[in-house]
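Here come two complexes built around chain A, the first alongside chain B, the second alongside chain C.
On to the complex of A and B.
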């Protein structure tokens, strides 16, 4: 555990040097301010422009969902970029043969990031949420969002072999959140096509306060993490 | 010709690292979204899509491209070859512009836009601006996180005013060059010739800055100033 903590501290030092640490603290707050105040303002503008009563307001739960997902996604994206740099510099192979080990390395980069992003996500959603979703649901979504953030980071580092591929995969992983649209915009059984994505179940959970959907989302995300972690550890071994 | 070979080399690089695959995937997603949006939204939605993604891809990817070239010692090889910095900048700009224009052609066609030539021209010019901005930022960084930090304010400056201008086209804001780009894409330009001229002036200035920045980067490769 000491090795994991030490490795995590080293990552924090690195982020501090790049000023990324400040960015990590401020961006969720800026985004939250935007979501809380600018989106209702845009709603006012576009309802006036199109002459309709409500355009975005029926989707405020969806907006909250995006806000909650944003913080862990960003934290884990930064961690993924650090892993990509270390992979390019062959640092991971060296770290893997220290007492830290491969699992310890993964825990220091993504596990610890997840532990921090969970309360941060709850904090941001508590401050800036727009919908009437209750605290328990928002906390549950924050947990599911945190686990999904780890999946996105794992996808980036597992499926890419260098920085450029990492950025490309990073762009593709944005599709991982496409599931949130399904319960709102795809009617009938067609929406189940996206049920392989935890984001689909998160969206269903917040849409109809369905705690079972929330549980499915977390379990499904856990399954993704198990599969991807194994693949990543195997990749480090090569 | 050397420049053609550089462009082809960059296209090959972008193909190898999946840029074309990604944009086929994202084009399909955008087309799907365009179909599910109400028809009244379609023109505005496609303008935002074209401006914020295919046109802006250079700003997103350039940091990783330059860092990978640094770590693979490609830049070291180029620095001692007869290739000039301006040729390197042109090759990057043209190769990424090609993807931007192809994707915007698909989106404009699907959305049924009537001003396709204007959209393609605006996308090409905007893509050049974003690629040059990305390149200028990328010459000054050592890590991807540094690049993300450096480009974040650029993104705010480049995306927010055109997004506002699309819905609130105030007279004063039309003088911001990137608003001209958004106006050309969304077929709402009050004076297309003026907007194109403004974009060209910005491109020329950015080309000069990018060339100098690339020269400086090449001279300091390997940690030693040449």
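On to the complex of A and C.
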């Protein structure tokens, strides 16, 4: 673990020299401020205009869900960019032949990022949440979101060979969160088309306070991480 | 130190390394020579435990490479052909970071930097280093944890003659300390100078394996080439071992008619082309 800690500290040192990546870490705070103050204001305006009790309010859980997912996604996006930069510089191949090893490297980059993004996600959610979802559910969603963030980072680093490709793939990986819409906007069994995405089960969980759906989301994300990690480790070797 | 038995490996359905067998003794400098795409890098990846999906057995210091744990790397130093340093950090910061990855006691950074003449550049960013300095620093990085086994990939590639000689001296210093060194190179002169034994690798197989001297002696003998004037300039040649039997040469010497004379030993490169039918690229 000493090597993993050292390598993680090294990543933080690298980030201190990259203002662009540091800015990305603050995106959830900006988004949270917008969600918390601008959306209720818009709701007040449009409900007053149309004379309806609620228009956006039934979807506040969805907004909370987005915010919770956003925090680990941004943190892991930054970690993915660091990995791609290190891949460009052949650093990963070298670190893989030190006691850190391939798995240790992944842990130092994505595991440690996950450990930070989980409390950060809870913090952002506690500051800016709109819905009345209970704390336990929001914490569970933060955990599921953290695991999903790791998937996004793994997708970026597995599917791209450099930072430029990584930025493009990063945009495509937002499709991975499309599952959150299914329980709200797709009726009937059609919504299960998106059930291979952990985000679908996260949405089900927050919509119906369904802890089983939350567990399925985390287990499914674990499966994605296992498959993608194997693919990435194979990529390091070749 | 290293025993390879029936090693086979493939990236696809087509075999890439096929039934390779060899053994390397402790304290040897062992060279892998071959053209690009021959399988040298793949072999090095197998030996360093990066590729674990091979068939057969590869035992390095008694450990099967595909079953290693990360402790395996406490005794292995790897120097890649390209620089593997954080360019935005100084040499000292880089070495401190890489030292921190090892559980065992590492060497003192200031002392080791002084050994290779970089003590005055320790706090300079690596991006400001010349290619020669980067190569030396990269090599130094592989020695931080005082490993018993070194893997060096093209250590003199792109270096000027002075830096190249410095690098070769450093490699020989490590050999003198009893370390086992695996050297991958295109440079036949370096291999001849440094290696105790070399393996010619072509198309994923070993075509020849012996000491450079034995390979040269086995495949060819030194020749004597001479030119002389007889109506126009002519070229003669004979084997050095049969020089006394060349009557033309004897007469030319007697009559002082030789224009030039050279002895020519075959090089490892000549032997490589003869054995493999290919040139190094």
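Worth a mention:
As a convention for this text, the second predicted complex is superposed on the first by the 223 of 238 C-alpha atoms of A that agree within 3 Å, B and C clash if a C-alpha of one lies under 4 Å from a C-alpha of the other, contacts with A are read in each partner's own complex, and residues count from 1 in each chain.
In the analysis below, contacts are C-beta pairs under 8 Å (C-beta built on N, C-alpha and C of every residue); 3 or more make two chains touch, one makes a residue touch a chain.
All values reported here derive from a predicted model rather than from experimental measurement.
After superposition onto chain A, the partners chain B and chain C occupy separate space and fit alongside each other. Of the two partner chains placed by the overlay, only chain C lies in contact with A:90; chain B stays clear of it. When the two complexes are overlaid on their common chain A, residue A:78 makes contact with chain B while staying clear of chain C. Contacts of A:178 after superposition: chain B is touched, whereas chain C is not reached. When the two complexes are overlaid, the chain among chain B and chain C that reaches more residues of chain A is B. Of the two partner chains, chain C is the only one touched by A:236; chain B is not.
In the superposition on chain A, contact is made by A:6 with chain C only, not with chain B.
Contact with chain B, but none with chain C, is seen for A:23 once the two complexes are overlaid on the shared chain.
Of the two partner chains placed by superposition, only chain B is touched by A:49; chain C is not. Taking every C-alpha of chain B against every C-alpha of chain C after the fit on chain A, the minimum distance is 9 Å.
Comparing which residues of chain A touch chain B with which touch chain C, the overlap comprises 89. By the touch rule above, chain A contacts chain B in their complex via residues 15, 18-20, 23, 27, 45-46, 49-50, 78, 81-82, 84-85, 88-89, 162-169, 171-172, 175, 178, 185.
Chain C makes touch with chain A in their complex at residues 11, 45, 48-52, 70-71, 73-74, 76, 78, 80, 82-84, 86-89, 97-98, 100-103.
Residue ranges of chain A in contact with chain C, taken from their complex: 2-3, 6-7, 10, 13-14, 17, 89-91, 93-101, 104, 236-238.
Chain contact summary for the complex, chain B toward chain A: residues 17-19, 22, 25-26, 29, 36, 40, 60-61, 63-65, 67-68, 71, 143-146, 148-149, 152, 167-168.
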